[in-house]
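Okay, so chain A shows up in both of these, paired with chain B first and chain C after.
Take a look at the complex of A and B:
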């Protein structure tokens, strides 16, 4: 970042650029002439050299695949034969496919429930840890709640599959101790959806938790003191001070949580394979099945394009709504 | 965006950055033309014969003795075995297809029945010319292998694989649980009613922490053996013409010669068949009465441990279970095996596996030499020293293989093919992945609720299968 022109005050247009260059030259002492120009030239090249790996990486591994995926959505391709142009056929087939429709519906329901639980739990625990815990316990809980996130989702799901086994799982064993009969967690639509959400939230709430911890730490103590003088204590303090001042953090946490939840795959794939029926089949699972199990890469790309559009629309809506609900200090 | 070196750098505007990004993309595209593939990675793309098997690095290492023996016979062919870990065959095929997409397909792949027609239709090279050419060498192999196993690898009149190992869905039972319930070894022709009565007796004898019948929701050993026993299936089974060159050449005197064909075909769904309903209803009854579990999708990984810890009375499995049970601590007489119960028929379900040559193989002749060598008795004894599966060669399924490990009635494994020559492979058309998903996703619902839910689940299965089979194969 330039030391002479803060970003927000940066002049725009050719005149602005000219002024900036002049200011920088003067800022550097206004001496040097050709030597300074040569130095700037070298530094420019140096900057491009540093930027090149990122630009090339983004081009090769992000932009080209995105463009290729959009193009592929208009072709029928099974890896082995040559691609055939089919126009919008893939999109119309995808829209008519009941499994795809159910999987998108499941994904939206999953996002609503899982994100609400994830953010609610993360916020509640963050407030509790930040306010009620002594410093040494705070450090422990910050690590403990974040720990599940660093584990592989697939291995966690395999482990959970054993825990929730109807006949031999330890969860039902504990329930049996209090007289509750065995629950068919993974073999009924309701049970399997509940377990997928539970496992996902348990593994992912740690990230939102850390964001909220950071947000809480940035709220000035004076604000709470002023609120206390005005008579706000307990829940009212959180309702009228904490939540409004945390709203920028909440926006970031919710955008990230929603985008992540819309792409859920590992947990339902390993825990239930999308079943029973289609009850836990998600949009990304259908993309995977279309591409790598049915060799319909065109249809998979079409589903991917639709999912991307949905993610973009939801994110745009969030930022639009944020103008009304997010409070910046 | 600003270039931030000492504040002296000219601003890199958004337009410049996007231009650079575009130039980067064009540059990368030009640089990668002709298409870069995995073979461009140093160390890959050599002239070795690459063979992909499902398993771990330890499984690959276990084949080293066979590779050494092959290299002694063919020093001019270098062999490289790639073990690919996967939870099931569907997962394995997905990974092979990913290798194909990456431009690094193996030359030879070990393919099970689940993927035989997918590979035959799209990826594999037929073996017909090689078998005809080396007919004299191959006669001994076919004499030792049951034609049912060979027929599973026939597709539209051509043979794509030689069966190396196989397993039928027989019924394993815990001998202590049977004894505790006052049950003797079931008769060879026990019926589905006898089976249910045995489960009820075990349930009565052991009430807690015990499941009389444990089964999984997958193509092998799930609902399909019950459908076969009831003389039906969830797909209509037909056979294509052709293959006489093989049958007349190697099995002319076999008693089941007239049954043989150019290969199985599964072209239409059959989930709305009355016998399919009857079979599902039977399983629904077992679940409802606490005699059998509500099956999870996939599953199977924990089954050996559960059975070995005496918490399961019966379960369908093949010869591949013996070594696992032995290693889990079960004695030779702690378990035994019997034919699958009879219903309308006693037709069993089996799965088999063997090597397929990929169409893209660099040296198909070398690939055939590996397959031919692998089918020899010498190679199969090196590859299957333990009962981790049932060898396709009848002569290898002997007392020595099961000594000290059980089961007492190991002869049941190969007798299944001789006693019931209509015993058939896992129904797996080229659209196997979609078909398997269509079946599996509806099984749990079908056996978990009331009769109305069963009807709905089967209707859903019929619709899903229609969609799956309609897809481009």
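Take a look at the complex of A and C:
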């Protein structure tokens, strides 16, 4: 895609501006005169100085925490008393804990339903937007579908909680217009799960939509012309041409959608706090609660390690599947 | 991008691709496919924008009217009571200041650190470059939620618990930004460095005066992405800040919703609308950059 390379206007401006800047450097001459023999040496030093903030920061705040998280999963620690080694106890306790089990199950159901909805919706809308239409209308639709992405999941969940209110919510008011009695959205397990999924998909389908737009734009028009000559029109055109040619995009979009859905937290936390009961508790919510509410840091780490393993397994499985089903041009 | 995607896909319909407006099929029969498609898209756009419009116009109703049905989507008679009220209920100035400080410093920090690291990976030669870059890329796959417990401990150990620095410091090193900037610098010709070194510029001078100015658009993308993400961030502030004086906007708004009953919807929504303004500015002026950044690295 065009996004990994700098914008188009670069070459002309680059040459022009470069000439003036080198001239200026030459004139200033402060550090000038570095011989080409010393340049190799200079480069190495400069490289490490340039890398220092990123590498040190990542080491401290990402790499050490990853290792610490795995180590901590084998200890019992409440921050107050000294940590004690417990072997695989945390894992076996976590796996047997009914709340953890339910929340992992919830997360899996959530991922399957939300990702299917998100991708289906995004693909359908992307195909429709890319068909013939006035340019201004296309720009409007694209901006509209992209818009929710710039909002905070917390703010979105705040106003969605009002919209889905049972008595005075706008959603139930619209349903009442077509004769559907008030749905107890946030007070029943099924209703809450539906709201969390809908709110999540509402905010995130625009990202998949954007990826599909990019993928569709890379399919050559000639392919459709050839298909039209062969008599493929309407939905058959999309079934036999668009879908196969779009499969690399679909793979990337689904991997990204699944990974981000597995980590869902903000929406269920603000909308339902995981309730009623445990019906909308997710894996990350359980990590949060066991660490920062029950101070069971070892168990929280064990759950985190399990979640990471699941994420890695799904990513690996998807890329293996892609070798068999994805059609690369 | 615009030129390639705007051509549409209906290349098999030569009469329509002559530049004639599609909505006026003078001789042809009514274009059902276009009508149905546009209706469906309009419905989707209404469902996407409707909740936001409702939020805006409800925040402009008086608190006692706010939950009255039928709902309002367009603020015909704007009433600003709720905006006054939200300033009383919530220390909005402090929340905005905290959010702005955290987000601004992270954005600038990411722009600088990723530009430096990206340049080193793209144009400087040193041992272990490839391996180090692979490690940087690999860290992108580990979710924040998994490292949050050790990060929390580390922040405590550094004596930074419940400070804004606890939010800022861990967010400055950015694997994604580094990746983006490396790609950007690789797109700039290496001949510029050769020319600069013939002119007697040191490697630092070459970066500072030749490459860095050309990489500004890339740095802008990193900055906009960082701003959008951290302005809206909820999970880390929830864990790393404790006292209300260190809350960021999303955290303050969620606690406001918890504290107020359903009687003052419009007050909470006024706060939500205020928190959206910076995101809206980014949306208006930086949509292209934001879209490019979000989808960067997903192409083949």
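Keep in mind that, in the parts below, the second predicted complex is superposed on the first by the 290 of 329 C-alpha atoms of A that agree within 3 Å, B and C clash if a C-alpha of one lies under 4 Å from a C-alpha of the other, contacts with A are read in each partner's own complex, and residues count from 1 in each chain.
Everything below uses one rule, namely that a contact is a pair of C-beta atoms (placed from the backbone, for glycine too) under 8 Å apart; a residue touches a chain by one contact, two chains touch by 3 or more.
Since the structure is predicted, the reported quantities are computational estimates derived from the model, not experimental observations.
Asks: With both structures superposed, pick whichever of chain B and chain C touches the larger number of chain A residues.
Replies: Here the partner covering more residues of chain A is C.
Asks: Applying the touch criterion given at the start, work out whether A:286 contacts chain B, chain C, both or neither, answering first, second, both or neither.
Replies: Once the two structures are laid over each other on A, A:286 reaches no partner at all.
Asks: By the touch definition at the top of the document, which applies to A:233: first (chain B), second (chain C), both, or neither?
Replies: The answer is second: A:233 touches chain C but not chain B.
Asks: In the overlay, answer first, second, both or neither for which of chain B and chain C A:114 touches.
Replies: Touch status of A:114: no partner.
Asks: Which of the two partners, first being chain B and second being chain C, lies in contact with A:315: first, second, both, or neither?
Replies: In the superposed model, A:315 contacts chain C only, not chain B.
Asks: Based on the superposed arrangement, let me know which partner A:44 touches: chain B (first), chain C (second), both, or neither?
Replies: In the superposition, A:44 contacts both chain B and chain C.
Asks: Looking at the overlay, does A:245 come into contact with chain B only (first), chain C only (second), both, or neither?
Replies: After superposing on A, A:245 lies clear of both chain B and chain C.
Asks: Would you check which partner chain A:275 touches, where first means chain B only, second means chain C only, and both and neither mean what they say?
Replies: First partner only, chain B.
Asks: With the two complexes superposed on chain A, say which partner A:64 touches: chain B (first), chain C (second), both, or neither.
Replies: both
Asks: Output check: A:162 vs chain B and chain C. Expected answer is one of first, second, both, neither. What do you get?
Replies: Both partners, chain B and chain C.
Asks: Identify the residues of chain A that lie in both the chain B contact region and the chain C contact region.
Replies: 1-4, 7, 10, 17, 21, 24, 36, 39-40, 43-44, 46-48, 51, 55-56, 58, 60, 63-64, 79, 161-162, 165, 168, 292
Asks: Where on chain B is chain A touching in the complex?
Replies: Those in contact with chain A are residues 2-12, 17, 20-21, 24-25, 27-29, 90, 94, 97-98, 100-101, 122-123, 209, 211, 214, 217, 293-298, 302, 306, 311, 431, 433-434, 437, 440-445, 448, 457, 460, 463-464, 467, 471-472.
Asks: Can you name the residues of chain A that touch chain B in the complex?
Replies: Interface residues on the chain A side: 1-4, 7, 10, 17, 20-21, 24, 27-28, 36, 39-40, 43-44, 46-48, 51-52, 55-56, 58-60, 63-64, 76, 78-80, 97-99, 161-162, 165-168, 184, 186-189, 272-278, 281, 289, 292-296.
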